[in-house]
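Structures incoming, each one as structure tokens.
Note that subunit A is present in both complexes that follow, paired respectively with subunit B and with subunit C.
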Partner chain A sequence: MAVSGQAFLALLPELVTTGFLILVLMVGVFGERNVGLTAGLAAFGSLAVFGSAAGLLLAGFEGSYFGGGYAVDGFALYFKLIVAGSAFFAVLAAARWSGNTGDAPEYLTLILSVVLGSTLLVSMRDLFGIFLALELATIPSYAMVAFDRSRRESAEGGMKYLITGVIASSVLLYGIVLIYGVSGSAELSEVANAFSGGLTPVALIGLALLISGFAFKLSAAPFHFWTPDAYQGAPTSAAAFLSVAPKAAFFAVLLRILLEGMPEAAPTWTAVMAFLAIVTMFVGNLFALRQRNVRRLLAYSSVAHTGYLLAAFAALQGGGAAFAVQAVLVYTAAYAVMNLGAFLVIDLVGEDAKSYNGLIRTNPGVAASMAIFMAALVGIPPLSGFFGKLWVILAGVQSGSVLVYIVVGAVVVNTVLSVPYYFGMIRNMLLEEPTTETGRSKGAGAVRFAVYTLAIVTTLFGLLIIPLSTLTRASGLL
Partner chain B sequence: MITTISLLVPLLGAILMLFLPDDERLVRLAALVVAAVPLLLVTYIYFAYGDDLGAASLTQDLTWIPSLNVGYRVGLDGLGFGMFFLSALLTVIAVLAAWDVRRNLKQYFAAIFLAEVGMLGVFAAQDLILFYIFFEITLIPMYLLVGIWGDENRRPAAIKFFIYTFLGSTVMLAGFIAFGILAGSYAMDALTAGGGLSPRAQVAVAALILFGLLIKVPAVPLHSWLLDVYVSSPTSTNVLLSGVLPKLGTYGLIKVAIPLLPLGVEPFLPYVAAFGVINVIYGSFVAFLQPDLKALVAYSSIGTLGYILLGAASGNAVGLNGAVFQQVSHGLYSALLFILVGVIAARTGTRRIRELGGLAARMPWAGGLLALGALAAMGLPGLAVFVSEFMSIMGGYEAFPVQGLLAALGIILSAMYLLYMLSRVIFGPIERPAYEEATDAGAVEMAAVVPLAVLLVLLGILPGLLINVQRPAVEAVLAAIGGG
Partner chain C sequence: MPQIPPQARAFLDALVAAPPLEWYLVVGALLFAIGAWGALVRRNAVVIFMCVELMINGVNLTLVAFADHLPNAGGLGVSYAVLVIAIAAAEIAVGLAIVLAVFRSRRTVNVDEVTSMRG
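Presenting the complex of A and B:
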């Protein structure tokens, strides 16, 4: 098959990723094991991916390649930006730590592999292609979680993540196969044709398995149980990155499958999503209330945020559909900056909630940043999380469905429910006296830089909204 | 533009505070200068644009989120002007009254200024989403002011305050969003008189918004967060907590709920008036039982907020003018009393009413001003509170006779506990030998309270100074609700 120049351009972000991935690995194999060089290359690589995706987006590049199985549109490019941007901060956070383990090139290569899988994933319009890209994004992530050989939890978390991940993948694949069996094609537009006549029982089972598989990957309750163990065990940069970048890509591709592949079945899957959203929000927030370990707290918090995002999926109907797509786009970006920031602070301070006591005295910049991330995760305006929730509620109110109104009510209740644990952190940092366990400033310039940058972006997200909402309108899937 | 500048100055001031060197005198002086700028600007606005607040140089309208029709729309009108002025004034007073704040002074002032941004913003916002954002911006600084600088009971008080009011404002936001979606815009001037919503939709939206606003006030069954917060806060935080924050709720009622959703709030108005009466009576009775001087003032403050609710619910010119006016006069007198309680507690080491006595002999100025504040609180003619309470009760009586009569009773009740308090605290023999040594209010403390006392008297004698400014806007509200 001849690959045209256009297709090369369309694959530019992926080609750049692959290039840097090989380069980082080769430097590790042949060069001196120079951490600065490999980390610099990986960081520059993520920026290059970001730049190439941004360039394509600004140029208005659109197209469908490889027999319609690979689409480059505003929607896909938007998510490539989120993935590449998160990767940049993850590399910054990983540099020093992975240097200490002596395996920097390998670890950074894993990050870039996840980037490659995720950026491919958001462009896929073919169910089998989706499965392959999804595995390309997840398999390196198992290794990332288990990478910290100095801690037993890391291996344990990696094992749990691996086992549940493999089960999820097989469930997902089974669902894909069933859908393929019904429609006779794996390409989303063909699938849509086959589904237009109504849901056969087999198709329904396929849809259920597909959604369950994604629910595992997205850590939606009741499929979330691997999340706290995996995030607790994983190196901080891995937890930060995995809770944001591949997750954004999973959300994106799920949205694409549902909207392009089975729009006729929307009444069924929006109802399922409404149920999942409510359960996930409550489970995430109620369990987070009891955590004393900040990693586990943030893990449950990320479960809760999956729930808020699923609420947007439930609103993909009636007058709310266009807003719901925008809500997913705005929310994933808002969530990426605040959640990355919050996880990276763990690298600077520690994972025991006690080590945050009185942090404002010993480490004011980091404490203020963490307070910003926590307030943003609650959804206090004008921080980033507020705009995410605003869009979700907007979409829900416009959907015109009673079930979705209930979901919106659950979003409001859960927002209030989440105040005690997020503000518990703020209280510990700002109101308590420092103890001997209070985290001292460690000389980690790159991580600090990442945290401060993310805090600023989280705070000024309201200004970003102007270009962002133009972008999200341009990228409409509908 | 001037409005936007007065919002930006405290924001920049908050950042500036954090970068000042650790010199207490310098920090206090810088804070005073920063706080003075918005006050001077508002004073300038009063004299230059007092009869034309809609002037182009005061308003600004920038598109922010085009797909939602949300904009940065700010401007002043007669409804908000009084509180806009009072927020700027009370910030200056709060900076002066921060003498009992010793640690982390820079951060304290930064939090005060951040809160000021939110307060000024609420009274200037002309867009629902912007209104909500400013409404919430006050929340975190207030949480920190209580939680970091309060007394030993501060932490539970702060979190309680936060959760209650956050719950309220989140519900309010849901109401705003539903309103904006149904009406197609969030600009307040596009939404007048229901924004084209059906009466049923208006009722549903109004219920959500009223719930949020009444928690903020707080109206009595929703008030349980308040006492701990007031009592554990430092004095200068009290000034803002009682002087401005409840008005975010009442102002929302007068500015948003009533004119924008006239059919929606109509079925609730008798209850809002009844809430007002409950506030008045409940506040007075419970104030009577308080052993703590600060708690007494706190309940007195809850009580007189009730008149605002009553006047706002009346839906006639007298009542609404009274309610808008009472927002200001309530702020003046409650700030005055809270500061003087702080002064007395600092001199005597106690706030327990039983342990105080005879302070007038040793502290004639503080005692005299406390008496003035208490007389204002009970609605003595010649002081600002009298004008506004009287108007609110008259308006309320016209619309809801039962509620109006009961509220008038409140004046007698408040006279009872306030006179009792005065007789215990400042008159009579000196209770403890230690009080012989107590000194009168110092220069800074006097600088904090005298402007409040002067304004109480001035507005009591010449209420037209404020009423003339607010009248056109009140008439616009009346036109929107089809009464008047």
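Presenting the complex of A and C:
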């Protein structure tokens, strides 16, 4: 079978990523170690990926390529936009810092390879292709976490992330192989045939291992323990990027596997998702309550948000299924802007909670942005997090299952539980007296630009919601 | 030519015949379980990597056995196995680099001694 020109067009975002990846690395090898040039190339590259995915989306480009193993649809392109957009802000945040380490091209190459893996991942329709793309996204992320040689925590966080990550990968792979063995093919359409009717024990074990592997990667409790250490050790830009882009892609591909590969086993996996969602929400919020380090606080908060997203997965049944897919799409976009912003503020202020005391006096712009991100993470109405939670709750209410009602109740309870630590940050910034530890402005114009832009998008997310929901309604899945 | 007793012939035939699929799966599951056990109880990061390799090889054995027994899988399953081997090598390459970085700053690679972050 010849590869047509159409297939190249379908792969356009990935080809652009690959091109810029090689370019950035080669500039580092042969050119001068000019940070402005490499960072500019990487930022332009992520914008080009964003543009090509947006172009394909606007042109209504859809199709299935490479023997059905690679799909381009609205759903995949939507997540490519999220990945490329967050990569742009991560590159902005990484430019100055990676320049100071002297290894800017290598670091930016790692970011672009995570982008390549994530953009491939959301289009994959073949279980082994999914595994390959997933590893392409995670292996560079281990190196990103361990990249900061000036802090001992970085290598330690990298090692913990790596060990749990490779164990999770082999568990996931075992699940994939068992499902392949049961269904005789790794393609999701043929997996769906094997997962219709009653499940054999081997298929059940395969499904359990697959979901456990993904729970590790998504940092869902009880598989979340690597998250705080990895995010505390990682360079800020890496923590910000890894908590958003690959995670969005993992959620997308899990949704694709479950909906395309095993729709008839939905009663089984929605029950598992409901259990995971409840445990993850409570663990994330309860552990976040006692953190004094802002990185760890945000790490546990990202665990809690994984729980809210899994609640949408639990609602993928009955009348709420189509709406639950929308909820996942809206929530990932909302989560991406607010979480990226909150992490990037650490770059400007510091990771100790004390350095935020009285920030409104010394640094009003950054303090206001941080307050916006914190309020958005709680889910205060006009901000982005509110729409994510609203969609999840509406999907849960429409599902008509008692278990999902319990999950929705847990979402509401956890929103209240999360108020003390998010609003504690706002309170410290507004009411405490500035101390000597209060963060001073550290220059870094690019990071400042990224934080302000993200704060504006978080605030005005409500204006995006109508185009977003029409986009998600036409997303292809369901 | 001496007469071979039928019991002995049956035994020899069973030895020569290809074992059924289940045997491969059991060996693969055992390898995976031994690797997982080792990865959980051992403290040295390098030994943990060796255990993870054992897990991946157990999975790979399962994969190749399935690929050989499935009617319409063709050569695809075996080519997947080659890709899995390549991925395992990439994981370990990054892993050893990170372990080396940890060793440089702390002079130990025991995972229970590398604990500066808590909570």
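One rule holds in what follows: the second predicted complex is superposed on the first by the 476 of 478 C-alpha atoms of A that agree within 3 Å, B and C clash if a C-alpha of one lies under 4 Å from a C-alpha of the other, contacts with A are read in each partner's own complex, and residues count from 1 in each chain.
By our rule, a contact is a pair of C-beta atoms (placed from the backbone, for glycine too) under 8 Å apart; a residue touches a chain by one contact, two chains touch by 3 or more.
Note that the structure is predicted; figures quoted are calculated from it, not measured.
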item: Fit or clash between subunit C and subunit B when superposed on subunit A; value: fit
item: Between subunit B and subunit C, more extensive residue contact with subunit A; value: C
item: Which superposed partner A:Gln326 touches (first subunit B, second subunit C, both, neither); value: first
item: Partner chain(s) touched by A:Ser169 [first = subunit B, second = subunit C, both, neither]; value: second
item: Subunit B versus subunit C as contact partner of A:Ile393, first or second or both or neither; value: first
item: Which superposed partner A:Pro381 touches (first subunit B, second subunit C, both, neither); value: first
item: Contacts of A:Gln232 with subunit B and subunit C, given as first, second, both or neither; value: second
item: Three-chain overlay, closest Cα atoms of subunit B and subunit C, distance in Å; value: 25
item: Subunit B and subunit C footprints on subunit A, overlapping residues; value: none
item: Residues of subunit A that touch subunit B when the two form their complex; value: 326, 375, 378, 380-382, 386, 390, 393-394, 397-398, 408, 412, 415-416, 419-420, 423, 427, 430-431, 462, 465-466, 469-470, 472-473
item: Subunit C partner contacts - residues on subunit A that touch it in the complex; value: 128, 131-132, 135, 139, 142-143, 146, 149, 152-153, 155-160, 162-163, 166-167, 169-171, 173-174, 177-178, 180-181, 184-186, 228-229, 232-233, 287, 290-291, 293, 296
item: Parts of subunit C lying in touch with subunit A, wherever the complex brings them together; value: 25, 32, 35-36, 39, 45, 48-49, 52, 55-56, 58-59, 62-63, 66, 70-73, 76-77, 80, 83-84, 87, 90-91, 94-95, 97-99, 101-102, 105-106, 111, 114-117, 119
item: Subunit A partner contacts - residues on subunit B that touch it in the complex; value: 64-68, 129, 132-133, 136-137, 139-140, 143-144, 147-148, 154-155, 158-159, 162-163, 166-167, 170-171, 173-174, 177-178, 181
